[in-house]
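Below are two complexes that have subunit A in common, paired first with subunit B and then with subunit C.
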Partner chain A sequence: MPEFTLTSAPPLAGINKAYGDMHLSAPHDVAIVSISLPLGGEDAALSAVKSAYGVAMPAVGKTATSKSGETLMRLSTDLAFVVFTRATPDAEPVVAGKMKGKAYTTDQTDVWCALQLEGPGAMRALERICPLDLMGFAIGDVARTAMEHLGTIIMRTDTNGWRLLSASSSAGSFLHAVETSIKNVS
Partner chain B sequence: MIINHPILGPRDAAEFVCLGDACMMDRPDWQADDALDQFVEYGYLRDNPAGEHQELWYHEQGDRSWLVLTRNTLTHEISKVELARDVARARGRDK
Partner chain C sequence: MSQVNRIKGGQIDRSQTWDFTFNSKKMQGHPGDTLASALVANGQKLVGRSFKYHRPRGIFSAGSEEPNALVQLRKGAHCEPNTRATVAELFDGLSATSQNHRGSLDYDLMAVTDFMSPFLSAGFYYKTFMWPRKFWEKIYEPIIRSSAGLGRLSMEEDPDTYDKGFLHCDLLVIGAGPAGLSAALSAARSGARVILADEDFTPGGRLNGETFELGNMSGSDWAALTVAELSAMDNVRVMTRTTIYGAYDHGTYGALERVTDHLATSGDQPRQILWRIYSKRAVLAAGATERPIAFGNNDRPGVMMAGAVRTYVNRFGATPGQQVGVFTNNDDGWRTAADLAAKGVNVIAIIDSRDAPAVCDVPGARHIRNAAVMDTAGRKGLKSVTLTDGQVIPVDCLAVSGGWNPNVHLTCHQRGRPEWRDDLSAFVPGGDLPVGMAVAGAANGSMTLAAALAEGHAQAAAQLKDIGIKAAKADVPQAEDEPRECAAFWHVKDSTKRAWVDLQNDVTVKDVKLANTEGFRSVELLKRYTTMGMATDQGKTSNIAGLAILAEAAGKTIPEVGTTIFRPPYTPIPMGALGGRARGKDFRPYRLTPSHKWAEENGATFVEVGNWLRSQWFARPGEKGWRDSVDREVEMTRGSVGICDVTTLGKIDVQGKDAAAFLNKVYANGFAKLDVGKVRYGIMLREDGICYDDGTTARMSENHFVMTTTTANAVLVFRRMEFARQCLWPNMDVHLISTTDGWAQFAVAGPNARNLLRKVVDEAHDMSNEAFPFMACGEVTVCGGMPARLFRISFSGELAYEIAVPARYGNSMMSVLMQAGAEYDAVPYGTEALGVMRIEKGHAAGNELNGQTTAHNLGMGRMVSQKKECIGNVLSQRPEMQREDAIKLVGFKPVDPSETLIAGSHFINKGAEANTANDQGWMTSVAYSPTLGHSIGLGFIKSGDTRKGEIVRAVSPLHGVEMEVEIVSAHFIDPEGERLRA
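Here is the complex of A and B:
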């Protein structure tokens, strides 16, 4: 029997580049778990989120960050993502354990790729490919949209910081879209 | 075209997919005596109004919600955007 050794590698691992006043990197060990609110059990699920993370479930389009660093992204009325740092592939049981059966949880870690764009020029680069009005984004706002036809979740992490999530299956194309826009304005 | 989503605010129409006439929400009862006639109407026959028209739109590149848009086919003006689930509940659906 041949012995195989598998090494997990996130789709955009190692990306770490500077362009003029911008810096693009791929964050390490991003774990993503979705929380769906059950029909009729919304209130119980919302209070389970509150007791699990110590912060109330944010409104749609907003995020909330717990003291231990997990970010709750409310993407629609019935759906939120928990984004946190975890190296081991067991993100879903961790969140499911905290929810105590009050919400549906699904592991989303491997289906997304993440990029972090920083710098004063970041909005200049993103506004060319993002159909949303980024000027109207407060820090912590999040939205699901499309950039160059690729489904994207965009979150403003700081005045000049943006977190981008897109499908891992088209990670290369997404990186190309973002990089091209950066180069066009830098 | 900009669609003013009831929860998310103004969004580009490129994020949406149009399914068509909102009458698709009212699926006939398959056990009715005239079920065949009703399903022929439901499946094939559409009004083509010059004026206000209700359409189903799906926010695929967004929050995956179904919307009912009231749009004027002469001017393209969108006068009303509602969540399809709210419309269905107002029509007596239980979910």
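Here is the complex of A and C:
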């Protein structure tokens, strides 16, 4: 047994609140790993993705979800995130193993904090902080934007469901921004 | 009954009666009233005092153009000055007070200024208060400011909250009058996403104030039905109480929604929302504003705009007078007379400036043609008017119509200029409209109802076609083209009394002429000299008459004179709404380090570093000030071991087959041959050769590097590297991603650093000096398998490491490091101790990398490689940047060790005068060195590298301090680097 052990304390752990017809929570154990497609090795990397997850790499601004629940978010021509559930701090080796050296991978798990906003009023709340046209968002669409000066990735997970990712160091400010928006339309 | 002027009809809800007060006087009104209409109904003519002369003033209009009826609304901290009573919705319990008077509204002591008016013409204070000069700031200006003005702030913090938001649409329709409703309906039925915004709380525009018939129903009923249909459609957003106040680039519009202003309290909701609307296309249907005619004493309470008078009668069931006269130069003025007569209000006379037959039959009214009003009587309320032929007509209300001005304001927000139309005697939108905007209805000069409806549909259809949406078939209701003939008539020349052009700023016809006489002949200068068109109404009722009078005085045509530039906002926007939710703690986001919680629990004082909150020092009981804490932290770190959270430094993951070559281009020094498992210090130059950042980069594997940047430049470096990757060298296989927030990183420094870390890093990793020497790096595990990264780098000059673990374990890691270090008396240290130790070691930081200094200045000129292509190395070789006598970074210590160096002091040679010509350089960073026992500093001084041992003066004129200092090496401790290699 090591003399010391480390304990995990994600910045938004435990957030789980209802506001009228909306619900805000911080999903547990969200692991995020970036996949970068090598210049000149794109086809091999895309094949590796397909082999690893059983789904093709989505187009930029779209997502695809594997049968086992991993979500591929295509954020730009040569960059995608794999988002999946994993509690242990070894997400990057897991994805790197699946890529078999065909893509570059970087652990992004602790770079981000995640919020899940659900409910019929969610879009009304988000239009207070999100400059994007959310009415034009199909389920599965994803985009990078800024909310209250904070870089944010927004994904529509359902008709009334939205996944938000923002920097973990400013998680408190981000939570406040989202909660304020919810309260202002509740 | 208090509502002495309430008459039948209108769109108010008489089933409810609300109480309100005006200057503490109890009054009553109904839902659907504005404060102004309720005041009219209650017979309150006098509502305020004018800006400059404190003249009694009454309600003048029925809309957002109101110049007179400005009140203070609500009480205490909620009190808002300069609220236009004409757009303030009545609510039960409303409290309003008049403003700009000393003493009561009826007996304003400052009305004495009116008797001094011959001395107070336009620009009087430019001419009058010339001497003595020092009196201006202390005496003249305070007196002028206290005697003239509008409302007063509560001086308490605004308790309301505000918000902002973003909306998107295919078509934005601005204004819900007949043209706007027609446009919105056509677009909505076509399936387009439509936003319909109107500043009123009841959409309909003039349809609510008129007695128009549309098809087989009244105009107001058609408006209500249309709004109901639109509101029920998923593709339409109807926004009432919303003013589109500005047209910005690319179809973006600013909108202010007044969410709770019509309620007694806001509850928990934001009072107002500032929206940014992104539209693909827009139809401006902002209508038109009626303009007055200037004549003697035309500002008395009871002199009103004719269209407003009939709005009060038709929409609000309240008559502004019992004996009404109409003074007009156009057919539309007759409509007022006809509507009032139909409601049973006595219309005494219709005074038409034209020599033309009656437009319609008005029972009981005299038609006086080819005539004008030249004076009025009744100080606090109109009693009579005197015509140019000398006859006096007793009236308690005069409805004046000088024609209508299309509301072209938003068409000019992108510098478009309106065009004059002789047939309307008015400006209409020019051809240079904001991108994506079309104009319909009265705003476009289509002044009749049928024309407005048809044009609303046509413009919407054309706009939709532009974006590929086929418009639905026209379904425009039957409507009339009412008579609109108008003959230009701006002011009554026969008047000998003051004739007011701008009621809000007390500008008269004489003032306009005076400005022209004195050479202020440009309309822009006229505005500044007379203040015409300024303040809350922005001259909506005065501008055109003013420039017409200027044209007349200057012998020009009105289009030759032109208009001033219309700029946003169209109507006033409260500062609170502009601030939105960004108040107090929420003014900007904050970032916390992973060990923030631990630091809070252990007495840290925090300092803002950009958005970050960093531990500045950790005070212990008994310490009397920050210096005690910082000195201790430095001494304990140098004596044993200290720990500092350095997560804030930027971290960029660089991967790719060309990663090494790429770094070799962005760093000035060589990186291509950095061994795997090694770290190297590097400097980055701008293209002009100036140093802009420094840091270390570790090679984790052949194609994988981890770069650190300074905290301040993390984003800048990433942005520049991304630019280089995408634009300069797109054929390189390089991929960048920030991991700043992903890793909690701690500096562990001091002679016992290795001993401490050996207790945390798993045994499989050899940490001996031989296996893991200075500038080594690698992947390790800690605490039984936790992935971590270890770098042997030192900012303090001590044996030091930086160890990183996934950020969610950072708080725990800090605690573990302190526990493991307990036997070595480990100390947490903050940014102050960090700063002291880096100055002792002679490391440059932000004060030295200030955007003006080169590697040559920093003593690192030889690091800039000329054997490769890299950003900045060419221009860094310019002769001026390589001068031998250039400033060089060196150390300084006071000749008298008891003296304290001051950062920012300038160096002057002994015996030389302390002036800029003799300036040798400046002190960049200072600290008290507990290691050396005296103050030390870093600074730039000419040829500093060859002047060690020389005594110069450090002069700070700002502090009135100068002292002698010795030029020394910047490396105050361990110049050979033995400690960090130990």
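Structural remarks
What we mean here is this: the second predicted complex is superposed on the first by the 181 of 186 C-alpha atoms of A that agree within 3 Å, B and C clash if a C-alpha of one lies under 4 Å from a C-alpha of the other, contacts with A are read in each partner's own complex, and residues count from 1 in each chain.
Keep this in mind: a residue touches a chain if its C-beta (ideal position, glycine included) is under 8 Å from a C-beta of that chain, and two chains touch if they have at least 3 such contacts.
The shown structure was predicted, so the numbers you read here are calculated from the model rather than taken from an experiment.
Contacts of A:P131 after superposition on the shared chain: both subunit B and subunit C are touched.
In the superposition on chain A, A:T5 makes contact with subunit C only, while subunit B stays out of contact range. After overlaying the two complexes on the shared chain, residue contacts for A:G61 are found with subunit B alone; subunit C is out of touch. Of the two partner chains placed around the shared chain by superposition, subunit B and subunit C are both touched by A:L39. When the shared chain is aligned, subunit B comes close enough to touch A:R144, but subunit C does not. Judged by the touch definition given at the top, the superposed model places A:L79 against both subunit B and subunit C. Greater residue coverage of subunit A by touch, when subunit B is weighed against subunit C, goes to C. With both structures placed on the common chain, the touch criterion links A:Y19 to neither subunit B nor subunit C. Once both structures are placed on chain A, subunit A residues 39, 79, 131-133 are touched by subunit B and, in the other complex, by subunit C. Looking at the complex, you find that subunit A touches subunit C at residues 1-11, 34, 36, 38-41, 78-79, 89-90, 104, 106-112, 127-133, 135-136, 148-150, 167-174, 176-177, 180-181, 183-184. Those residues of subunit A that touch subunit B in the shared complex are 39, 60-61, 75-77, 79, 131-133, 143-146, 151. Touching subunit A in their complex are the following residues of subunit B: 7-8, 10-12, 14-15, 61-65, 95. Subunit C makes touch with subunit A in their complex at residues 161, 163-168, 193, 268-270, 273, 276, 278, 581, 586, 588-593, 597, 611-612, 647, 653, 655-658, 703-704, 731-733, 735, 737-743, 759-760, 762, 782-784, 786-787, 805-809, 811-813, 816, 819-820.
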